[in-house]
Amino acid sequence: MTTTNSSFPASTTAALEARNITCVRGERTLFSGLDLELFVGQCLHIRGENGVGKTSLLRLLTGLASPDCGEVLWYGQPIKKQESEYHSKLLFLGHRDALKEDLSAIENLRMYAAIDGITLSEQDAFASLWRFGLKGREDLPVNCLSAGQKKRVLMARMLTRRAQLWILDEPFNALDTHAVGELQALIVEHLQGNGLVVLTSHQSLAISGLRVLDL
Amino acid sequence: MSNVNNLSSSQVTNWFKFSSPSAFYPLAGKMIPWFWALTMIFGAAGLWVSFFVAPVDAVQGQGYRIIFVHVPVSWMSMFIYVVMAVWAGLGLIFNTRLSAMMAQALAPIGAWMAFLSLWTGAFWGKPMWGAWWVWDARLTSELILLFLYLGFIALQASIDNVRRADKAGAILALVGVVNVPIIYFSVKWWNTLHQGASVSLTKAPAMAQTMLWGMLLMALCLWMYSIAVGLMRVRAIILEREAHTDWVRQLNEVKR
Amino acid sequence: MWNSSAEFFAMGGYALYVWCSFGACALVFLLEPLAVRARHQAIVRRLQREVLAEQFDQKGGQ
Amino acid sequence: MNAFIAIVHRDLLLVMRRKSEVLTALFFFVIVTSLFPLGIGADTALLRKIAPGVIWVAALLSTLLGLQRMFAADYADGTLEQLVLSPNSFTALVLGKIVAHWLVCGLPLVLLAPVIGIQFDLDAQSLKVLMAALLLGTPVLSLLGSVGAALTLGVRGGSVLMSLLILPLYIPVLIFGAGAVYASSVGLDITGHFSLLGALLILALAFVPWVSASAVKIAIE
Amino acid sequence: MNAFIAIVHRDLLLVMRRKSEVLTALFFFVIVTSLFPLGIGADTALLRKIAPGVIWVAALLSTLLGLQRMFAADYADGTLEQLVLSPNSFTALVLGKIVAHWLVCGLPLVLLAPVIGIQFDLDAQSLKVLMAALLLGTPVLSLLGSVGAALTLGVRGGSVLMSLLILPLYIPVLIFGAGAVYASSVGLDITGHFSLLGALLILALAFVPWVSASAVKIAIE
Amino acid sequence: MTTTNSSFPASTTAALEARNITCVRGERTLFSGLDLELFVGQCLHIRGENGVGKTSLLRLLTGLASPDCGEVLWYGQPIKKQESEYHSKLLFLGHRDALKEDLSAIENLRMYAAIDGITLSEQDAFASLWRFGLKGREDLPVNCLSAGQKKRVLMARMLTRRAQLWILDEPFNALDTHAVGELQALIVEHLQGNGLVVLTSHQSLAISGLRVLDL
């Protein structure tokens, strides 16, 4: 890995680490004593049947929910202790698209950039939308877009967000085969730039060096 | 010196022991009968004073005897809210399950007290002022207190996730407790025909003494009552929330 | 101070108000603990049933 | 700070896309207040007497109308999670949403109040006091309301429950606000009312964003 | 008919899931009515005079607050499409939703009104008239409201204008409703008011379900 | 095809037919002059990249939207002329799940049965949920279910709805591989009972006799 290529610092310690975490939903223990280590440049694919707890695990990793036991570390520090620091490195895309239906794709992108404290030129925003085949749809309100096109707006956000750690919940849903390939390419690109990716998917992925966690 | 330290530290550990529901449940079960006994004693004494010792009022006749239940329930309604908020706040800060349950158990009791304060006040107001209700500051603030209780209960009842219900309820209770003194003092700037208390304690010292005793005894009775019912409610809540745990399954009354 | 029980219950003409106040309080303070106890017993009964069902399952399995 | 401005800007943009929201809040205010002269008759003395109360209650209720939208839409589509995960202080973002709400539901009322006041035959001095009181009071309404909105997030029947939770909290504002206008119309001193309103505003500004932010986080968990 | 009952049942079930919802609608009504005396002051004669207006405004508000829920949730999660695709008449289903709304937000108000009336020192005759007027008027509010709720579902440009057109439609109900109570409290004839309220109800029942159903279909397309 | 096996009448004319339909969204013509014929026992797989107009086509077929030109026929009759008749034969599942988050899975099922005018015994409802692996989750409010479990509730609804024509928009999204297999089996079963299926999906399907329409 060349340093010119990498946009984030490499390191010998695990970047993301989960220690002995347990998740209880209602009266059901989804998993317990789970350990996890992810190094820079790695991609973790979480698999498991429906309802096994993949989404719940991702939410623990983001810090949106807190584990009933155990803790999540980012470069050795508990994420609860460095929330803003961790959040600036993190991009989470969940089951829901988190797009404002009344705003256009470009407005959604720029709004998120502003909220995340990123300067995003109009040109870059357009370029990222065009890259994912949204040419001519930039100014349509998002509720006019098709399911797959909404997902593509999210892909554009991945590109512009410049976060080191991506946590993606079933990012391939609703995408056509071409777009699935493009997203995988995007992920590989991100990993080569010293990024980290945690994702869930029921499809098998063509990413080299993929680590798999079966829940 | 060291002796004292030992004592206090052992007490501390004891208290932490009882802050777990499994330890508190049987302890509460043992305490309840005692508080019921105290309730009966204070209640009997209070009623005796209020009906047979306290003399008839010169202005209001026998009707004034409502005071012996009206004032204690009014006091309790305000007092319980503060206690409830304190428990809720403790639960929020230290994340102890038991304190949140305490708050939840106290809310309905306080709501009933507030309701009774309104009820007895209305039944006092009709003969004294000729109206069931006036928009007087004190009456209104009591009504608002009832709403605060109901809001707390409704909020907790409409959130399924217990952990979230506790936290949300605690925030509401704490915000509400800030509001209580505000409402109370706002009376001074609120220009209405404010109806003052018709019974003045300075009027007849002897009578005031017995009246004070009657009210105090009744208030103590209600205090004990609130603790007793509060403990009963906490026990029910504990069972509901911990239904799936082993220690509940091992309880004598469950195993049988 | 009261000459007869009738006089006591009449409360100097304020019977309605005094007894409605005290009565309502008595009613609430009587019914509330009863309701709480009923709730408690209902939960205990439910738990008993669940424990029995579990034991039943285990016996069936053996 | 940038994120704060961004969120205010975004919320205003969203409202502008659906113009009905601003308009319904305003319209509601106008309807509630004009209903009283219609229903009670043209007894000017009476109208003048009830004017402060009616205007303040109307202001309070129209603030309430916009409140459930404050977080609910963002909650439903997952945006709120993204805001929590933003590197910026979430409390600042919440304050941004509150400010946006005030700009949409509070400020227009302040500006419209003189027109309504004239309908109730208030004199010029009272009109000025009314506007000033609303200017101090409506932000408090938005702030306190945000707590209720956050607590009832995702709770069914949330809007009604929310009103139940926050209307009791609104009462001090109502009393001091209406009291100020009434005092001025009968020529009494109004500084007391205003300093209390100001104190409420400062208190609310200091604590509420933080409380609301924690309430939202609890709701999301 | 079965589907009609099913939808009423379902909506009530959804409400009951959050046990507090019925109660909170009631308490909201109580709180709003209590706000006016707080803002205006405790002058009994004055309060008695404004009581009908206040109670009716409060009824309108509680109806209004529940209205947003009528279709919006079903719209957002796609249930509304399923209802349109149901083999049963969609108009009947819409009527079912309106009835459910009235049962939750209207009927309790009718039952609670006397208690509020007593607080405002109304006499027994006026209380009866108040209840009767509410019984006739609140269904109209639910019916008319459903049109507004349906129209504001879509993002069509006209929806803004239409929602503003609906709100004024409430005014006749308020005027006749409050007028009936006021007339009875000063001993005037009330049959006129009641026949007008009745006419409104019949008109609304005949046309509104159909109008709302079409509005919903337009919103979905 | 044996008559004992089939629950709906077979026929020699096309059951579902689209004649020369055109769909215009905004200023964009998604497709025009589209003809389509589907016979009893057939499954039509509509494919195409994101935003090409698959969902729009399905909505035209259900009658939720009307084509800008052309018409949709059911057994030779325009569907607009026999709405209630057509709706009683139709089950449409869109991108959104149309489940009430506050109600449990079983309540959602029974509610739809009541609204669709179907008598559904409690037993049948439970059985259909169990068939799709929701045992033990029947009484959880739907918002506690995972994304895939919600989809499974919809599968249970397919089973209980007893409609002849299924129109499914990306039904395989969010399902795990096992559930995808089960759903395909369900579709085959339905086709054998003289049903018709129109579906969109970006995955390739293992259904014999599948007809494909590429938009």
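Lettered A, B, C, D, E and F in written order, each chain numbered from 1.
Basically, a contact is a pair of C-beta atoms (placed from the backbone, for glycine too) under 8 Å apart; a residue touches a chain by one contact, two chains touch by 3 or more.
Model, not experiment: these values are computed from the prediction.
Trainee: Can you name the chains that touch subunit A as well as subunit C?
Mentor: Common contact partners of subunit A and subunit C, which must touch each of the two, are absent.
Trainee: Between B-C and B-E, name the chain pair that shares the greater number of C-beta pairs in contact.
Mentor: The comparison resolves to B-C.
Trainee: When the centre of a chain is set as the mean of its C-alpha atoms, what distance in Å lies between subunit D and subunit E?
Mentor: 24
Trainee: Take the average of all CA coordinates in subunit A, do the same for subunit E, and state the distance between these two points in whole angstrom.
Mentor: 46
Trainee: Let me have the rounded angstrom distance from the C-alpha centre of subunit B over to the C-alpha centre of subunit D, please.
Mentor: So the centre of subunit B lies 33 Å away from the centre of subunit D.
Trainee: On a C-alpha centroid basis, what's the spacing between subunit C and subunit F, in Å?
Mentor: So the centre of subunit C lies 54 Å away from the centre of subunit F.
Trainee: Could you say which residues in subunit A touch two or more other chains, in rising order?
Mentor: In subunit A, the residues touching two or more other chains are 95, 102, 141.
Trainee: Taking each residue of subunit B in turn, which ones touch at least two of the other chains?
Mentor: 147, 150, 154-155, 158, 191, in rising order.
Trainee: Two or more other chains touching the same residue: where does that happen in subunit D?
Mentor: Each of 18, 155-157, 161, 164, 167-168, 171, 175, 182, 221 in subunit D touches at least two other chains.
Trainee: Would you pull the subunit F residues touching subunit A in the complex into a rising list?
Mentor: Result: residues 25-26, 48-52, 54-55, 95, 133, 137, 140, 144-149, 151-152, 170, 173-180, 202-203 of subunit F touch subunit A.
Trainee: Which bits of subunit E are touching subunit D when the two form their complex?
Mentor: Within the complex, subunit E touches subunit D at residues 14-15, 17-18, 20-21, 24-25, 27-28, 31-32, 35-36, 38-41, 46, 49-50, 52-53, 56-57, 61-62, 64-66, 68-69, 76, 152, 155, 159-160, 163-164, 167-168, 170-171, 174-175, 178-179, 182.
Trainee: Which bits of subunit A are touching subunit D when the two form their complex?
Mentor: 62-66, 84-85, 87-88, 90, 92, 94-103, 107, 111-112, 114-117, 141
Trainee: Once bound in the complex, which stretches of subunit B touch subunit D?
Mentor: 144, 147-148, 150-151, 154-155, 158-159, 163-164, 167-168, 171-172, 175-176, 179, 182-183, 186, 189-191
Trainee: Contact residues on subunit D for subunit B in the complex?
Mentor: Result: residues 147, 151-152, 155-157, 161, 164-165, 167-169, 171-172, 175-176, 179, 182-183, 192-193, 196, 200, 211, 214-215, 218-219, 221 of subunit D touch subunit B.
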